[in-house]
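Shared between the two complexes below is subunit A, which pairs with subunit B and subunit C, respectively.
Coming up: the complex of A and B.
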């Protein structure tokens, strides 16, 4: 039986949502920054450990400037998971993270995974310590540029949303 | 008291105010020197002025430079007509080519069908119908040619945009239907959000030779891609057929079983709609 799941990428402008999206789906990366307007949708078929095929329909929503509440609500409806992306080099992209996570949890009963992106630009150990000291929760730190942890993250997510 | 001391006292008495004034001037000069020589300090003072001037400049551009730029562009286009045609030709040519290809395909389909049916009962009936309506058989054939046809049908989960089932009577099927379902849902959501009009739904998308008929149900919607003339009569018949399909064939179980749903969809819409 066909298995399809909708996953939405959320986060501030310029945190690397589209780069993660392209890295995961097409294994491509570009230094050029183009703002996403509205939403772009792509599909990736993932083979699950039990052999089933999962069509992961990923919605790369345009970034918000203040809070995740600014994101068009209709884009979020019917999602099976959210990926909240923040930029490890810009504190303003994760300063309201806890508030945003509470909003998502209260309004949409689906798992939200938190990704700190642009790992190639920071010292990983120092960054983890800094995030912990600021009480910023995260599930994974990635670099769309170097592909660090990207494939593993999506692979883990595909298992989580199908079990 | 010596002469020198007396003079000093006298100086102090007479020049106190001047000394204070001189000291304050020296202090101000020192402050200004600091501002002028330290980039940060100078920038703090000067930046707002430059920003204001720049804003004024940007605001004034359309007034001051606009007419000159427009004139220059007009002149350039006038002088380089060949270059403009050269640049536009591939785009226009491609559009015309695409249009002709589409028309030729439809015409070829029509000729093949008509050839096959030339000696059929239907053909005899058409001749009689044309005579009865007082029009030529050719006019009747043209109206047949522009007849609306179902190209593709999607059943899509309303909020998620996940494709539940799809059917196409045409064999040429190269598009990624799951992505189309997602994009259709995003377009639909965008339009419905953008023009706040209560609980209204997007029901029609038109693009050149095709029309996408959208029919909304509670948890899913049906999108039917139609080629040819999408008339009110056709719309009514299509709506009735979709409602009939939804009423008699779709249960909540079907929505979870996409394979079964697709089979039912094929069976129901295999025949021509009108």
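Coming up: the complex of A and C.
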């Protein structure tokens, strides 16, 4: 059987989940903001370092307004990983991050990677210092617009969920 | 029930039903929505269906089936948004797709508008925050640069005054006069800069205080008559009889407005006459509107330039001998607006200019107050000189104050260069007064004052007259000084006469106690 893993993109609306989704799957980017209603799902086959093929099924879920608990439960079923995306320029998208992470950890036994997006709009060093000072955990900072760290992030994730 | 029967039962062409084996092969399907083929893997139909892999046949969590709302399903030809219902039967998996594309697209538009408006609001909030931070930085920069400029300016103006009192040749006297005039001009420019910055940031506050209005107009008469005499001009002030001697309003800003316009009139008038006329527009109960008319026979302004007269950095006259930043009239306009007044200008080139300024005031109906005059103070008779502690870290200002005070022959001076030194000095020696710079190291002027007032049982120390001084000349700094326990405040650059007056006043008051 082919190796297949479901990964769900979560986070507030407008943080760039769809942009990351499109950048990773189709290597496309658009400045235009289009709301995602429900979920869109696409597959990308990734070659793992050991030569195996992994079908990453990425679920780009609609963004929530307040808490990740608002995300439809059925979207999260059968997931192998979550990617919690926040917008580096909007504090309200990561101010409750720790609470959301606790919720995911307690209810779903899968890893959650935290990703700060829109790196092209901030000073990276200052941003890292600011996030640390606010006790905001993150695994990677990306820019879907410039493609900075996007492919690497998904590549690392594919290895993590298959080992 | 067959698949066709189920479709028929629902009478809904927007529905597609599939039967899938537990090997994930399509056993049966209608092709109402998607043209998927029997016998092929459901995973090839759309990646959504790989969710099925996550569940075992007898998984108790899926006994009631699964419902997935609002799933975007696309294939090469079709793009639909469906609700998907999955039932796990013993022999097969039944999937029903409900096509709600139209409904969801409508909802999508609403969500788009809602989210966009939130994002725009957040963006504006962020921009606003950025602008406020920028504004704060600018204000703090201006406040700091103000202090840095005023300190050397105090020294320049002070030493020129001292220099003027020495034996000078005619040429030296003239040069000293120019230095003095230009220093005053520089000081006025700093004031303008501070004002415009306050106006921009909205921190300029209107003060309502009772003040001697006629005295204010007399002051203009006195000071501008001298300038008129020097320039060979005629200057007249006319006040309509019956205008109250004391008014309630913002004295400082009223002075600034009239002074600015008069100053301009004198700048641009080489011959003829300048008149300041004050008349009543109306008077109702305790309210009064006054009109200040300032007429000159100067250069005048071209008609096309008048609309831009109150713009910042506007100068129509390119004669470099006439100095200015072009901020003066912009400040006047802003101040008049702030006071809820009105300003109008009429002008003809080579004929002159007339400004009409309407300003509202209040007055006390019943209270009559005797005319207040600046009281004269003199040092109490003493066989000893008075000892003054100057707390100041700038060498040049220390030197200037020493020069001014020692020249009178009445004072001994000690210098403390920081707050801690000041405390050590007052514990060791008896002083008659402290001149306290506010911006000193270790302990600032406010902290030292509070310590003097609160930490000593010895009334001679705790009751020491203290005069604060600073490059900041605003009312807030003065208020802060008085609240911290100081007796008076003097702004840099100060005139010798003013400094001596304040020192003598405090020593005399203390002696009278």
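Note that in this section the second predicted complex is superposed on the first by the 162 of 163 C-alpha atoms of A that agree within 3 Å, B and C clash if a C-alpha of one lies under 4 Å from a C-alpha of the other, contacts with A are read in each partner's own complex, and residues count from 1 in each chain.
Criterion: a residue touches a chain if its C-beta (ideal position, glycine included) is under 8 Å from a C-beta of that chain, and two chains touch if they have at least 3 such contacts.
Model, not experiment: these values are computed from the prediction.
Q: Once subunit A from each complex is brought into register, does subunit C clash with subunit B or fit beside it?
A: Pair status: clash.
Q: Looking at the overlay, what does A:38 touch: subunit B (first), subunit C (second), both, or neither?
A: In the superposed model, A:38 contacts both subunit B and subunit C.
Q: Where does A:89 make contact in the superposed view: on subunit B (first), on subunit C (second), on both, or on neither?
A: Second partner only.
Q: Output check: A:73 vs subunit B and subunit C. Expected answer is one of first, second, both, neither. What do you get?
A: Touch partner of A:73: subunit B, not subunit C.
Q: Looking at the overlay, does A:6 come into contact with subunit B only (first), subunit C only (second), both, or neither?
A: Touch status of A:6: both partners.
Q: Tell me the contact category for A:111 with respect to subunit B and subunit C: first, second, both or neither.
A: It touches nothing on subunit B or subunit C.
Q: Would you mind checking which one, subunit B or subunit C, touches more residues on subunit A?
A: Of subunit B and subunit C, the partner in contact with more residues of subunit A is C.
Q: I'd like to know which partner A:14 touches here: subunit B for first, subunit C for second, both or neither.
A: It touches subunit C, and subunit B stays clear.
Q: By the touch definition above, which subunit A residues appear in both interfaces, subunit B in one complex and subunit C in the other?
A: Common interface on subunit A, subunit B vs subunit C: 4, 6, 38-39, 41-43, 55, 57, 72, 74-75, 77-79.
Q: Can you check the complex and tell me which residues of subunit C touch subunit A?
A: 43, 46-48, 50-51, 53-55, 66-72, 81, 104, 107-108, 111-112, 115-116, 118-119, 122, 126
Q: So in the complex, which bits of subunit B are touching subunit A?
A: Residues in contact with subunit A: 157-163, 176, 178-179, 182-183, 186, 189-190, 192-193, 257-259.
Q: So in the complex, the part of subunit A that touches subunit C is made up of which residues?
A: 4, 6, 13-14, 33-35, 37-43, 55, 57, 62-63, 65, 72, 74-75, 77-79, 89-90, 92
Q: Would you mind writing out the residues of subunit A in touch with subunit B in their complex?
A: Interface residues on the subunit A side: 1-2, 4-6, 38-39, 41-43, 55, 57, 59, 72-75, 77-80.
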